[in-house]
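Comments concern the structure below.
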Amino acid sequence: MKPLVLHPDRLLPADPGVRGIARELYREVCDLPIVSPHGHTDPAWFATDANFPDAAQLLLVPDHYVLRMLHSQGHPMEALGVRGKDAPAASSREAWRVLAANYHLFRGTPSRIWLDWVFSEAFGMEVLLSAESADLYFDRITEALATDAFRPRALFDRFGIEVIATTEGPLDTLEHHAAIAASDWQGRVITAYRPDPVIDPEFEGFGANLDALSDLTGEDCRSWRGYLAAHRQRRDFFRRMGATSSDHGHPTAATADLSPQESEALFARVQADDVSPAEAELFRAQMLTEMAGMSVEDGLVMQIHPGSFRNHNPVLFARFGRDKGADIPLRTEYVHALRPLLARYGSDPRFSLIVFTLDESTYARELAPLAGHYPALKLGPAWWFHDSPEGMRRYRRGVTETAGFYNTVGFNDDTRAFLSIPARHDLARRIDCGFLAELVSEHRMEDWEAAELARGLAYDFAKAAYRL
Amino acid sequence: MKPLVLHPDRLLPADPGVRGIARELYREVCDLPIVSPHGHTDPAWFATDANFPDAAQLLLVPDHYVLRMLHSQGHPMEALGVRGKDAPAASSREAWRVLAANYHLFRGTPSRIWLDWVFSEAFGMEVLLSAESADLYFDRITEALATDAFRPRALFDRFGIEVIATTEGPLDTLEHHAAIAASDWQGRVITAYRPDPVIDPEFEGFGANLDALSDLTGEDCRSWRGYLAAHRQRRDFFRRMGATSSDHGHPTAATADLSPQESEALFARVQADDVSPAEAELFRAQMLTEMAGMSVEDGLVMQIHPGSFRNHNPVLFARFGRDKGADIPLRTEYVHALRPLLARYGSDPRFSLIVFTLDESTYARELAPLAGHYPALKLGPAWWFHDSPEGMRRYRRGVTETAGFYNTVGFNDDTRAFLSIPARHDLARRIDCGFLAELVSEHRMEDWEAAELARGLAYDFAKAAYRL
Amino acid sequence: MKPLVLHPDRLLPADPGVRGIARELYREVCDLPIVSPHGHTDPAWFATDANFPDAAQLLLVPDHYVLRMLHSQGHPMEALGVRGKDAPAASSREAWRVLAANYHLFRGTPSRIWLDWVFSEAFGMEVLLSAESADLYFDRITEALATDAFRPRALFDRFGIEVIATTEGPLDTLEHHAAIAASDWQGRVITAYRPDPVIDPEFEGFGANLDALSDLTGEDCRSWRGYLAAHRQRRDFFRRMGATSSDHGHPTAATADLSPQESEALFARVQADDVSPAEAELFRAQMLTEMAGMSVEDGLVMQIHPGSFRNHNPVLFARFGRDKGADIPLRTEYVHALRPLLARYGSDPRFSLIVFTLDESTYARELAPLAGHYPALKLGPAWWFHDSPEGMRRYRRGVTETAGFYNTVGFNDDTRAFLSIPARHDLARRIDCGFLAELVSEHRMEDWEAAELARGLAYDFAKAAYRL
């Protein structure tokens, strides 16, 4: 078995001079608290504080990054412990052995970096994961997870998380957040308003969702006026439960600015059975602008995460459902798409919009120029497939010269893989310190400026941008 | 107050070995004269040789790079000294203080590099710009600008400018260029033919511009034949006033090759009130090919600068007009777009076409392959938002392996920020020497070859490509 | 005359520490046999083993990379030894002198690296190619080519080629492959099934090709059923002649999944004189899925090479025909395009699809996510214009973090420039070792893992992916 050692200089630039500067910068930010303003952890974890079941159920089965890579090399989902419609899943131990025996597939990927951190720092493993060490890993991790020290609140505190945001839909009653607030635990777990299920006419059960929203709010959500009032009511409820942001995961970044009459007529059409894709797209577009208008009123920071083709593999989707690693990025246009919204609210000092992309070709061409002009617009960090060392470097190199650092918002871990959160923030801090060190070593910035920015990127910017 | 020091090795690669090679290359080109074949300085400066008013009016108010960044962080244009339709502007000193207090926003941007050069090299400032040094800067710079040493011609000579091109429309009478020619000053300030206002049917006042062109030339510019004759006449006039190039800033790179009959009919349609966007686009496309044909005749080098969405922010445009930092790049297609023109003139040895882009995804995919095949086609340097250290590196890395160095045309500063011109050329020379040094250190090129190329990129290529 | 020296550390990273690691990795793979699973050498060379004529006919006239660069700088094709319809070509010696006098144009391009290897390693030249050394080169190379040591089979053996694939159409009778098999020479030269001429309705002579295919197979290739049967028959013949793969060079990556009835009707329409571009595109799309289905049956690995605008310059094409360096990459979409095929066969364990691109913006956005999910899909190496040091680095940086290394297939030389094959593999091995060394030096991978991968990328992956 090979040793597992996290090198203290990992992910810092190779050049000894640059690395020395990066190391100094990193030293000052590595222990800052974690601010996690956008993610997908389950609030029930923190409400119930129940132990996680075992290594595979925590670290393999729910991680679509890990599932996708193993699946791409021919391992069926069942063998990875994922239950399908027509097939029983492998046991946790069996599934774990598949991961272990194929751990080499992750060489060069961020999953490897995150997992090694979790293994080494969270669980104290000292050998590399492999077929030989599979059972050792499974037993050690599963045992640890049964202890108090590995219950969700204890990990939250141990990880130094200052605040974490989860993501819920308007139909969610936020009882877990209420339970957390009512408990004697001090951890700050807030929600974010993600209304896709009641905004996207192509979402599964859109009509039923509108009716449920009516029931929940007492508004008539089949009328445009009642529908908007229901959004306002739920946003207000989310805000009172700690939310400081909304989030929108549309297929494109399209926005629109229709008249109230046009919007009302469109809303009627999208409730019909024969809604066209163009009508659905226009409605989503109009609703982004409506949401922006509500953000001006209530102060929720607005996030847009566009450009993913969800559930690309229909065979997999039919058997195993969504979020199994078959979402694929799409080319995404922002300049025309965002214009209606930005023309209306982009210069309003009360409004703040954070845009993400999966299409890196827009960093320098579209997003940095837009963010470098509109007061309301800021850029989210390198997202999803680009939440990685090379991805972050491309992001900083592509964005900074036109948008500067101050039109970016620090790091988002955007994950449901709770244990990897410190690993992800640590990776981001290392890469950002490395980038800043390059600027210092090329005399494009002074060392004290880089130190200010290192802290900003690691902590201050996220707090400010998300109004935390 | 922090010191302001320009490090002699700034912008050179961090690796000590590579830097040593880059330093040697740079030493041989740093003092070469400046050839500025494409830009937007005001010929009136050199005609009248009047003093510039003050620090803010010279370095802040006209610089859309600087305005856009400050605006993006919530500073209203009025506070930056820009006069709008309905609001008075802050005084120059007040505006300057806003820049000074927010100078940290420019960290990591080329504006910071250019401005620091201007502050240090042109004005001898020894502390960094900040809220504390704001008034010191404003007073020192404003005082200096009142002296003879800072009048335009003196700066031109001091900067070692061998030739500079301005840009004028066909309706311009070029009286400033005439005045310069008639003066006893030896500086070479030439014009370039930029006919967008009389070519683009969507340009403000297109019809009136045609009539003005008729008046100016004695041709009937409402007829296709007269319109073409007027272009020929104005091109000839521009050429006699020193122009060696034309320039075309269309929304796309579309070209067309219609028959004379089709062109004539199209020209009639685009003068109608109900011209469609498609007709306007086709007319611009045809006119690029017409201009190429005239270039074959008269020898003006043709430049195309496509792909900018001008005045993206309608609120800002309504109050402050154009060129305030709200132009946003668009995805731009070249392979189909340029084909009609290239099929017609791309192999003609008399023709030279220089193409620019704001869409870096086309460097390696479209532009380098096109320039690496067509005899007439050369690539302009990294442009506008990409006129920056990382932008230039991406350009060289993306373009060189397919187009080589010899299908590129050296550096353009493309600026109206006169004092930054030496800073911009210096930046380009440093980055190019760094790139060449990387090739040498990886043994992809010999040192003496790199030295030849360093000189070519800094000086020879621009003179040759622009026929200067 | 300047010396020609291939530095032992060429193409390895400049940083001394990283270079040291890269050198170790390279040392272990530099002498591995060459596996060339996709290329365009002429099987007649190995069947007849005739001597190559002279330096220009071997190294200049057939090399579209070299032709295009010289052409782009104004050298007519005739002067380069290329015969046109209406003009005699320069002699080989004259053409060679043009290359020699313009060899500086190739600075910074991979052609320069490949050619210098050929000159130095294959022919023992010790001075750089230039106007002065032109005749020395021509004479030395031409003399060498007349010797037994430079006949195709001798070079094949000397280069350490374990297996090479050529590419033939369904109408090819593969007599050269038969001759090689019947000879006493042990070299392994296999074919690949490239059916574009009988699949693409826009291919020159499509109808006649169908008839020829009928003649060859005894099937009625004007009927859908007969046409498919003919494909099966030819694929089987190719497979028996050694083929392990098919290859498809369509303008786009579009695939379709029509019903048999729809396909049959479409096949009838595309044989009509008035076939529309959309029908032709849909037919090509459907045929990719048909070919995938046949691959499931017969085990041929399927390759798709989309996105080239062939023969962009109509003037050149009219005079000199195809493959003269006027093919230009196009923006290419994969997510929607490949979905019909992947939905049908992408999860089938018997199927293997290797996709290439000329559009680097799809590496991280589309192709790596697709390959990182679908079991059947793997990514071909950096292709054509991107088969270069910077191109390969962008490929590895863009692809690895999402697809990993194991969803890639090693190197393809994809060339008809036989003598450059070892140079191309050597270049790829050096760049890959450099990339791996960067990962090691940033502690993103252990040295022993990098060593495994270096061997995989140089040798193992190609053998496995192409079932060789």
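Of note:
A, B and C are the chain letters, set down in written order, and residue numbers restart from 1 in every chain.
As a convention for this text, a contact is a pair of C-beta atoms (placed from the backbone, for glycine too) under 8 Å apart; a residue touches a chain by one contact, two chains touch by 3 or more.
According to UniProt, the chain labels map to these proteins: A, B, C = Uronate isomerase.
Not measured: the values here are computed from a predicted model.
With chains as nodes and touching pairs as edges, the resulting graph is complete, every pair of chains being joined.
Superposition angle, chain A (Uronate isomerase) onto chain C (Uronate isomerase), using Cα atoms only: 120 degrees, a multiple of 5 between 0 and 180. The geometric centre of chain B (Uronate isomerase) is 40 Å away from that of chain C (Uronate isomerase), both derived from CA atoms. Across the assembly, chain C (Uronate isomerase) contributes residues 15, 361 that each touch 2 or more other chains.
Within the complex formed with chain C (Uronate isomerase), the residues of chain A (Uronate isomerase) that make contact are 2, 6-7, 9-16, 68-69, 71-74, 104-110, 112-113, 309, 312-316, 325-331, 358-361, 385-386, 388-391, 394.
Partner chain C (Uronate isomerase) is touched in their complex by these residues of chain B (Uronate isomerase): 15, 17-18, 333, 335-336, 339, 342-343, 346-347, 349, 361, 364-366, 368-375, 377, 397-398, 400-407, 438-439, 441-446, 448-449, 452-453.
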